[in-house]
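Got a structure here, written out as structure tokens. Questions coming.
In this document, chain identifiers A, B, C, D, E and F correspond to the written order of the chains, with residue numbering beginning at 1 in each.
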Amino acid sequence: MGNPCVSASAWAYVDGAVVPLEQARYWPNDLAIIYGEVVYEAARTFGGRPFRLQEHIERLYRSLRYARLDPGLTPDELTTATLEVVERNRPDLPDGSDTWIFHNVTRGSHPHFGTVGRGGAGPNVLVWTHELGFRYWARHYLEGARCVIPSVRHVEAAAQDPRMKTRSRMVFARAEQEAHALDPGAYTLLLDGGGRIAEATGANVLLVRGGEILTPRTGAALEGVSLGMARDLSADLGIPVREADLTTYDVLVADEALLSSTPYGLLPVTRVNGAPVGSGQPGPVFARLIDAWSESVGVNIVDQAQRFAEAR
Amino acid sequence: MGNPCVSASAWAYVDGAVVPLEQARYWPNDLAIIYGEVVYEAARTFGGRPFRLQEHIERLYRSLRYARLDPGLTPDELTTATLEVVERNRPDLPDGSDTWIFHNVTRGSHPHFGTVGRGGAGPNVLVWTHELGFRYWARHYLEGARCVIPSVRHVEAAAQDPRMKTRSRMVFARAEQEAHALDPGAYTLLLDGGGRIAEATGANVLLVRGGEILTPRTGAALEGVSLGMARDLSADLGIPVREADLTTYDVLVADEALLSSTPYGLLPVTRVNGAPVGSGQPGPVFARLIDAWSESVGVNIVDQAQRFAEAR
Amino acid sequence: MGNPCVSASAWAYVDGAVVPLEQARYWPNDLAIIYGEVVYEAARTFGGRPFRLQEHIERLYRSLRYARLDPGLTPDELTTATLEVVERNRPDLPDGSDTWIFHNVTRGSHPHFGTVGRGGAGPNVLVWTHELGFRYWARHYLEGARCVIPSVRHVEAAAQDPRMKTRSRMVFARAEQEAHALDPGAYTLLLDGGGRIAEATGANVLLVRGGEILTPRTGAALEGVSLGMARDLSADLGIPVREADLTTYDVLVADEALLSSTPYGLLPVTRVNGAPVGSGQPGPVFARLIDAWSESVGVNIVDQAQRFAEAR
Amino acid sequence: MGNPCVSASAWAYVDGAVVPLEQARYWPNDLAIIYGEVVYEAARTFGGRPFRLQEHIERLYRSLRYARLDPGLTPDELTTATLEVVERNRPDLPDGSDTWIFHNVTRGSHPHFGTVGRGGAGPNVLVWTHELGFRYWARHYLEGARCVIPSVRHVEAAAQDPRMKTRSRMVFARAEQEAHALDPGAYTLLLDGGGRIAEATGANVLLVRGGEILTPRTGAALEGVSLGMARDLSADLGIPVREADLTTYDVLVADEALLSSTPYGLLPVTRVNGAPVGSGQPGPVFARLIDAWSESVGVNIVDQAQRFAEAR
Amino acid sequence: MGNPCVSASAWAYVDGAVVPLEQARYWPNDLAIIYGEVVYEAARTFGGRPFRLQEHIERLYRSLRYARLDPGLTPDELTTATLEVVERNRPDLPDGSDTWIFHNVTRGSHPHFGTVGRGGAGPNVLVWTHELGFRYWARHYLEGARCVIPSVRHVEAAAQDPRMKTRSRMVFARAEQEAHALDPGAYTLLLDGGGRIAEATGANVLLVRGGEILTPRTGAALEGVSLGMARDLSADLGIPVREADLTTYDVLVADEALLSSTPYGLLPVTRVNGAPVGSGQPGPVFARLIDAWSESVGVNIVDQAQRFAEAR
Amino acid sequence: MGNPCVSASAWAYVDGAVVPLEQARYWPNDLAIIYGEVVYEAARTFGGRPFRLQEHIERLYRSLRYARLDPGLTPDELTTATLEVVERNRPDLPDGSDTWIFHNVTRGSHPHFGTVGRGGAGPNVLVWTHELGFRYWARHYLEGARCVIPSVRHVEAAAQDPRMKTRSRMVFARAEQEAHALDPGAYTLLLDGGGRIAEATGANVLLVRGGEILTPRTGAALEGVSLGMARDLSADLGIPVREADLTTYDVLVADEALLSSTPYGLLPVTRVNGAPVGSGQPGPVFARLIDAWSESVGVNIVDQAQRFAEAR
């Protein structure tokens, strides 16, 4: 609500065309609001190039099938639209910086409230971008991030599979509110109903123990694209990766803990619920992975974050 | 998205002022979209008068406390704003019809994306109205409604208490998609993880057996304002109401099943998963309650619905 | 109840001898009725030859150990009796058709009610056969089968392990009643209490995704003999098979879904809860597997089914 | 299986007529065998008069609704048939003894196997009687009964509501096998998945503590007709009865524990898992209730049992 | 371990006699250490008089029955011993102060390790006292206490009923460690596996909403003697008390929250997980109850605590 | 309590020094008693040499991290202290016998009760030894052990991870009491809340089926050092070992079942809940493993146990 104040040069793909971003808005009768019924993706660029965009698009279409939502365009058409939005917004991006790429798909207006908003039938597809907010995580590459596990549990698979990426995330919001009230600035790690580690709000969890990387089982968390990258890099580096049922025990006895997510790639976790993880410092497996990642994408990820964090 | 096409005379309370409804919109950086983080209420008028508005406002403030969201105005201020919106929109309402009253509260823009949309800090409060869509339920007063219990389960209380009224309802949306694929037009009834009846998507469930009304326990479902009305009317009519753990067994052996919800008040359920409930026809307890309700609010609820359903 | 009307030439193994099938009956004091305490197997022939009979017999004896029920004869003795029943009934079987082979083992009469029925102590072993009812599934090879996931959940392992094959299957019966009321003719797929896919009522579930076959973990479902055959054929064809925790998400994003069961071997599932699976058509992995199966047993499985389905 | 050896004068209601009991039998293609799909009731006489027969019939029809099984005759018709069977079998009953009254309802033959057995469509209704086996429980009135809680848990309500009385009770059979292997002659008490007391296999559980009777909540167990009688007698005697979540703790700290069931009415439980309950002797509340029950039905329940137990 | 430094005048009941407290110690082969197998009670005096000692003793004997541990002396004998210990230690207690009274019962040495420690068979009963540590909670009467709900859940009833008071409380210890790492000084509130409020570590929880007091259901928590006192006082004051399934929602929307426990009686909770409860200040129901309690026991509870807290 | 009667030559490491064992004792104000807050290890010698001591020490430090308990000395320091205690006690050990090695770590006195016991801050570390009690298990190598699965379930991981080795084991004690009341001398096997096999009280469970060894998944049970040895020996012998979800079904259909634990290494289980496992006799895989183990440690494990069992 209120007035949009985006710069004139920001563009988005809205309802089939690239238009000024200020035209991307949801009326209260949209199912995006009525039911939080938004399937989405969040990708990014490295060095200006979209990173594993195809994987993000494929995951989006899996989420859409699960939500029984037909977006009305093919993966290829969406890829084309995405690349166009990235190009149109490139001039606005500071040199050397990188950008988020967001996809939101909704079912459109609720039929009961057709006379509000556009009232149109059919799904809405939005693609927009936004410069990455490096200042929010830059220091965590160096100092490590703190995690808090709140009392709030993740939604059970019997209600909703966490592999669908949806905007209907009030549980995440409440978990973060609870965690931040006790430790502002901490990341929020969710357990499932049985006390197993599921995922952080917006990130996958990786534990290092005895030279091996452990992750929650497929199905416990979003199938992270960054997690996939971390798996690939680990394979290249000869670090085995294994899925397991993990609990707080595994975090507290781990040599290292990591979060993987689109905006920052990988972060080292150095405290959980106030207790140190491993040495309490970012560890060597993190260092090897983030270096390999940087090399792979041609961007020094840690340096870039520091540079743009200071710039603000 | 797209163009708003509301009539010029529709008004809403947005960010502290009553403005044209077309100014009520959410940008993609609003936490309403990012997290589906919208706490809301849905009230209505009977005969043009807001019905139990104070109870709705109180429930809204309970939801807000649970969500740790400060709306920035008091219940009294919100009541005043609500009444003003209702008055401003009254001229547009057909004679004898009634209106929804919606409250949406969000936390505002996500701090990472401040340069999109209004970028303002602090919560957004929206109040808007919309004529009730009688045609969607009018015939169910007479014929009864069908319910389907899908395989999707309700969110567990360990993740989120169903007493908070939130727009983050993708689980409801998916449950309805599943139910409607098998029986279009059916209402959707959710069980909890233990197979106990929780609530319908947007309605409370009441069962009649042996002259007594049974409802799921407090905490299994939204604390329905219409359910409260049904309780009060039952007390007046000498019908005992009792909370219990209920399963599909209770529905299938019930004499009658009812749904209570703001737009329609009460509906008789005559089939569940294809099996008849009781006689398979709307029953006498429903009839007594809907008559008492009509008398209480001075509107013949069933007649009004038929009249306006035909009008479309 | 009522009069048996089996043809004079139908034979069964009953209480240690091959006798006319009409002598195979259970009195109401049998624990088969009192407790539904029947451990059983269901095998079939291909081209008149019992298929993996030894595996069925071994599974039967595992079920018997779990049920603490001593059948009073050895696996070899039961195999001999089985083959004799098959031979005795062969003349009645239409040329080119095939037959079910059923084993039922019960504990005998309930001691409290010894004066009804035979009153004998000790277990009863029954072996009987029946021509396969191809008409019930023939068209599903070509068109695909529809599945419905009802609200009824599978029995939890804490109560009973699904790997025991028992006739005490009222849960299956109720699940099917619920599914069929919404979609007559659909197969019924059960989730466990945590929302994980367990099995269809009488069939195992296989999903194809990315060239790999996924099945629920051992312990979630009956250890299907047909599933074992599908695994073996997949190994021959170079298709990897992996166990995983699977949910409705996995079905909805699968390229193909299959059911495996004794009577039909394999069927393609093309719709689940009204949504298409993959392309909505039987897929290439199904085709490769059913062809390999046909070749392996020397019977064109699909053709045989069409031929005998039309014959009725 | 084998030969029926019932006396010539035993009669049963089978498929609409009263016929010799030996005509009551199930072929292997009956859904009674295929799925254990039998809904049933077990009533008894006191002094030759059916006890609370109407309540049993009503519960049967509730079970039938839950099972979606139409028996094809009305409650009144079934009552008439029941009374006729009781009358026809009365001459065989020793003087002063009493009889079980059983109702079994099945859906009939499985459609796939119509050529075995009668092959008829539609449900089967069986009513039969059998003299009560007093010797199995007579001494427990005097000495008390032992209970064992096995590791096997009751079926969860998400799979099947325990209020349906079904013959598909393999879980009960297995629980008893486990309990009897450790303590032959003990009654078997089942917990639900959360460790709450559900019911004994075939009996309800009542605990006495501080002058009050506690029972598991409605929905945790069969709605016992004998439990209802115990409630009524308690009301007459001024003993309060209350439902609660109960665990092994409640049993072990109880003053008395009781089982209620059709054949014996009430039994005192004096040991659970080898530990004494209360004083380890039948207690005063049991004595008051069984006396009141005897008086109410005009039969000295304890004496009758001793007399007929010795007679065998 | 290390040297005992108790004052010469401290006395305890150990193994049947009142002896110097320094003789009360556990060797490593005691089941108190091997299994944490200690059943206990914690009572206190008000104005020097043991408070509801009989209730504590009765609860102890219920715990012992659940633990299958025979203490070797009767409740009356234990009461006598307790009173003697209190008397013997009275001279050491500062004037106007009050004392804890602890009972520990263990099974004695583990049979495998009889040659360590006393090696004796049979149970050990210890009674000892210690002046109350008013300084730990005195200011919470005035300012209110903070609670944290950690990620650790309470032990489920299927494993152990929380109504047994046992020293085997590592779960409590870990929950407190987690809570204190985030908020030192906070009380720790535990949820059960389903997200329902169970109890604080060592205290019961009471919520005030709309003039009514709500508590978790019996069976979710220790049957608190102080809770019983609060119930009695509420009855006297005309405040209704009701048991319910409660979640974090109920805490966050409550008007007041209270903890009840032996040492402090009642405390107001003013923050939970960093969010204010009610007004964020101790409320009127707390004030009425603590005043009534003080009057009942003849000690101004709040004043006493302040006085002795300052004295240290 | 009572008098310590250890021989003069028994030594223990207590609070930083090797002292007579009788100085190792816990006062009632120690958190070892207050909360059962003892993290521990139990190792042993074979032929006088500590067996896999480093693994035990490492597991201890993992438990300590999970318990957030800093022992105040390094693993190397603790190893040195351990070896010294073993050496000091060696003269007392009968020739050819072997010894337990125990480590107990506690947090020290509860701050509220500082005036009892030593009152010191900081953790306590105790190392002590005791000759193995061969007579308790010697015959089980030859005859096999019986297991009982009680109704008591293991603590869920949401409350406490079973991989921490803690003395707070009242659940184990109660489970054993229940099992022993029904079958004295049986080992006690615990299921988790979902009916999956967790562990025996103090031992891991291994099943042999079809030439393969199956164990519960990591995280379901203590990470047994003896289990690790069994894995290593199996690898040497070419026997595959695989983790799986296991239920009572798996035990009852297994060819062999084994328990692994520090004192006895491995034992064959020949009965579970009264039913035979496999042939009901110790099996060949057990024989191969115990032989290989004996060879590896240079002690004939079975013979040693018989010899010292008879000696008592």
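Assume contacts are C-beta pairs under 8 Å (C-beta built on N, C-alpha and C of every residue); 3 or more make two chains touch, one makes a residue touch a chain.
Not measured: the values here are computed from a predicted model.
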item	value
Any chain in contact with chain C as well as chain E	A, B, D, F
Set of chains whose contacts include both chain F and chain E	A, D
Classification of the chain D:chain F interface as same or different, half of numbers criterion	same
Equivalent of C-F within the choices B-C, A-C or E-F, defined by over half of its residue contact pairs recurring	A-C
Chain located farthest away, centre of chain E as origin (C-alpha)	C
Distance between chain centroids, defined by C-alpha means - chain B, chain E (Å)	44
Separation of mean Cα positions, chain D and chain C [Å, integer]	32
Residues of chain B whose C-beta touches two or more other chains	66, 68, 152-153, 156, 158-159, 164, 178, 181, 191, 193, 195, 248, 275
Inter-chain touch pairs (all)	A-B, A-C, A-E, A-F, B-C, B-D, B-E, C-D, C-F, D-E, D-F, E-F
Contact set on chain B toward chain A in their complex	1-7, 10, 14-15, 21-38, 66-68, 102, 104, 107, 112-113, 115-120, 124, 126, 128, 130, 133, 136, 152-156, 158-160, 164, 166-174, 177-178, 181, 193
Chain E - residues contacting chain D, complex	62, 65-66, 68, 156-159, 161, 163-164, 217-219
Sites on chain B touched by chain C in the complex	148-153, 178, 181-183, 191, 193, 195, 248, 273-275
Chain F - residues contacting chain C, complex	191, 193-196, 244-250, 252-253, 275
